[in-house]
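Letters A, B, C, D and E mark the chains in the order given here, with residues in each chain numbered from 1 onward.
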């Protein structure tokens, strides 16, 4: 169990604010941090990692105390057993992929760990490359592998997938899921992407202005669930004449015959589209 | 524009006295610029705006005269005397310079300063030069040599008698006069420079004349010149 | 004989650069990391030699090094070391004189590195020392190169300080810049020409190297 | 009529490439440039503005020749009557809003033009402010107003709305539409946002790797039109058991009872959801 | 009398800074805009005074200004102007000597401005000149300030050059750095102390101002 209870003054966009967090993360849970830009997500990760000092608070990880401001305990980042994947990856440009991983290896540890992680993340062919020549997705894998070399108790991921294209994103999500399960990690992921959170996390913490707004399963927090067998989309009228109305709804242009009921709709009106009679078809 | 006198460094204190006296007599206050005779010669050849050049020897003024940069021939205004100045109160014979507790000896740059040239002649005559060479540091002129001694940078310095006789330096250390047979006589000559042909040639000539007057002679004498 | 001053100048520049590598890098590291209110004061002190007349610095060094006064006396009595009119004295004053030329580029290079590199190394369990040596330094090579080259070149150009505390001793303190002065004042223009041309060409080639390298690396700048 | 026919070598991500464009823009048309990052959209705008020189080409605007490399004609940006709104707005930080607009005024022009534009863009209260204190949306309006001061023949907009939040975005889109019509401009807009393009543009040019892939009306180019009265969404299976299947489709989680037909679907499968029986309801 | 060298130094620094504003800004503008292959060469030439011994520069200026040679002779014959041992000569040599201290910050400031500012002004129909005066210059005020302050301070510290081509003439070329040298040689250590202390304090205050301003503006750097 990881207990976090901290307070930290932050310089927020609209004047000074404070980060005020009180949560417990179960061991081997996969928690997503969600919230608007500036909500304090990165700050929270940095406080857990020991890179940022809260004014007041306690962090306790599986019985060990990492931080207790009252008792003046504050382990430096080096002594906290965490793996942090930075948003910009922070790979060391002077080292090859393999050297990046070897650097992370504790002095007397077995080098086979590095080989193993290179294989898990599929980096065999890139091991001797410098980070500059890697694509975004490849860099992300190296950063992940490097963070795992120390066998961390907590894996912290700061928007690791925001810079990659859709196809890569799906791939990396799958890998992340696999690694989280295989290595029995406790993972905290910052993400802006609701589908991603649904897919990966079993808990979401929704933050706003430094505070926790909501916490629970993705379904509880986002409530995107539609009624069973029904679908409601929100859209805007793009075109309307006597015979048909075109609605723009989430990237689709949906033409609907004009009825007596919808006769009065004008371009720019906001509407909800209700669909019943849903059927599914598998795409190959 | 004020009368400008370029005076060799050995004469820096005596010429201050001369200027003071000259001002009392005539009301004219010349500006004094101090440096090595060699450096002044180089500057004058490049057109430096000095009116009178009081050198530390005859060679440099003669060179300027031959290059037709002067009005009239160089004339000797005084004969200088070389002394060995030390930091301590004990008078030091030149021969003692070889002792180990004398670590640094300041000498004016012989290329630029006649007193430096005279020093080297002396040391060579005494067959001490090769032996003392590792201890010698060179000053740009007699002035830098004095500075090295008074800041304690060196233990002894070869300088002009007129320096150690200056009232301000009198009780600082002690000096030994160098036997005048050991170096060629330091015949210090003065010239009026052509670059002065502005409006104040009258004043220039007045000062030039004053240098050879009885009052000036007395001052030179007080500062150890012959 | 004629090349002695040049060789001496080269030796002085080399010694100064090596010493400043050892001294300047830690200072730059401290300044780059510091968020202290005192930082601008420290920066101003380190930049002082950039704007202070050499005669002021020279005067104070003359007094400090003189075996008659405090510091110089202590060195003389305790270690029998005299810094005035010695090569070591020139090295020390060159170190002071060229300090900003090493500290500024290295500090700028360190400050330009993303903070996440240092933090990543910390979260990987590495000490500040390991982080500095293995991660930070290897990634500011262009800045280090600029610092080394500028320090070297700037020491080649030292003049006023050496004039005041050097004593113009052939083979010991008569560096090329002083030799030129000497030759010019002695009206040996032809010798002065040779020295001046050599120093000019060497300085130009050094600067050109910096600018061509910087253009290629598109990074750190020479001054300001 | 604006004729553009240019070739320009570009340093593309995957080695060297070339911009190769040949289009005509009708007067008073509203054209959108659409395409992946690096496709050459900004480069094309810059070539029209005269800020970038193509190796070869012709630009002819309403009979006047702006560029003809064969005849060595190349009007400088100053002489091309264009209004360009930069992605970073490029407001002059040393001038107030009003001064920014006044600076754009030709030497002998009437100052009332500036007042008029300040009113059209609703900047009256901000006229004496420096750009730093403005919000993204406000900056965008100033940039737009400034670009219009010279009464340009062509208005070029480089992703002007990518930095503003959704509410502001809708507002600015409406303003843009109004101004385009009122001032009878010929407008070229770079946008990544398909609904925006549908809303504003009557023509789309879809670019890839420096070439035109497709050009036509938004409907022709994007083909997002659904069949009348029908809706097909593409999604991914998030959860599946005997009783229900949950599909994540464009931000919605849609639960559908499991049927014999859908029994074999697994988590991660891609599916299409078909809806019929659509009805509309106006939102207030 | 005692304050004449200080006043002269101040006058020299002021004149040099003003001239360098007029000369340095266009040079910086050209360099900032240039994409030419010759740019590193130009940059190296402009930075040369940063690393060249003052005695080398002094020697070449001596030759150039000497009424015996080409340029100096022409000036002398045609205009009856002699630059050696004159205040104007010092101003000219200070301009050369301090050139990099004005050009570097201004160039860096201009290069740091987003290209879109210039381009926006162009698309608004404004000439390069209008763009430069009304848009670019007003937006690099911190860099301009740094350039002005550093040029001023660096000219205060000029020594070797003045020693060689100044001739130590009271009220004309005897600036404070030379006066210190002179007072030390005349064994007036107390006067030298006063000059040195004044120059030291002024230089320090100037640098501190730069660093405090830069810290606040979090922009352009002093050197490199």
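Quick notes on this structure:
Quick note on the criterion: contacts are C-beta pairs under 8 Å (C-beta built on N, C-alpha and C of every residue); 3 or more make two chains touch, one makes a residue touch a chain.
In UniProt terms the chains read A, D = Molybdate transport system ATP-binding protein; C, E = Molybdenum transport system permease.
Quick caveat: nothing in here was measured; it's all calculated off a predicted structure.
Under the contact definition stated at the top, the chains bordering both subunit C and subunit D are A, E. In terms of the distance between Cα centroids, subunit C is separated most widely from D.
Averaged C-alpha coordinates put the centre of subunit C at 21 Å from the centre of subunit E.
Rounded to a whole number, the gap between the C-alpha centres of subunit B and subunit D is 85 angstrom. Mean C-alpha position of subunit A lies 30 Å from that of subunit D. Computed from the mean C-alpha positions, the centre of subunit B lies at a distance of 36 Å from the centre of subunit E. Along subunit D, no residue makes contact with two or more other chains. Across the assembly, subunit B contributes residues 45, 151 that each touch 2 or more other chains.
Counting only residues that touch two or more partner chains, subunit C has 62, 163, 184.
Those chain pairs judged to touch are A-C, A-D, B-C, B-E, C-E, D-E. Partner subunit E is touched in their complex by these residues of subunit D: 49-51, 76-80, 82-84, 86, 88, 90, 92-94, 103-104, 106, 146-147, 149-150. On the subunit C side of its complex with subunit A, the touching residues are 114, 116-117, 119-127, 134-135, 138-139.
Residue ranges of subunit B in contact with subunit C, taken from their complex: 36, 38-39, 41-42, 45, 87, 103-104, 106, 109, 111-112, 136-140, 148, 151-154.
Looking at the complex, you find that subunit C touches subunit B at residues 62-63, 65-69, 72, 82, 84-85, 163, 165, 167-169, 173, 182, 184-187. Those residues of subunit C lying in contact with subunit E across their complex are 39-41, 43-45, 47-48, 50-56, 59-60, 62, 100-101, 104-105, 108, 143, 146-147, 150, 153-154, 156-160, 163-164, 176-178, 180-181, 184, 189, 192, 195-196, 199-200, 203-204, 206-208, 210-212, 214-215, 220-224.
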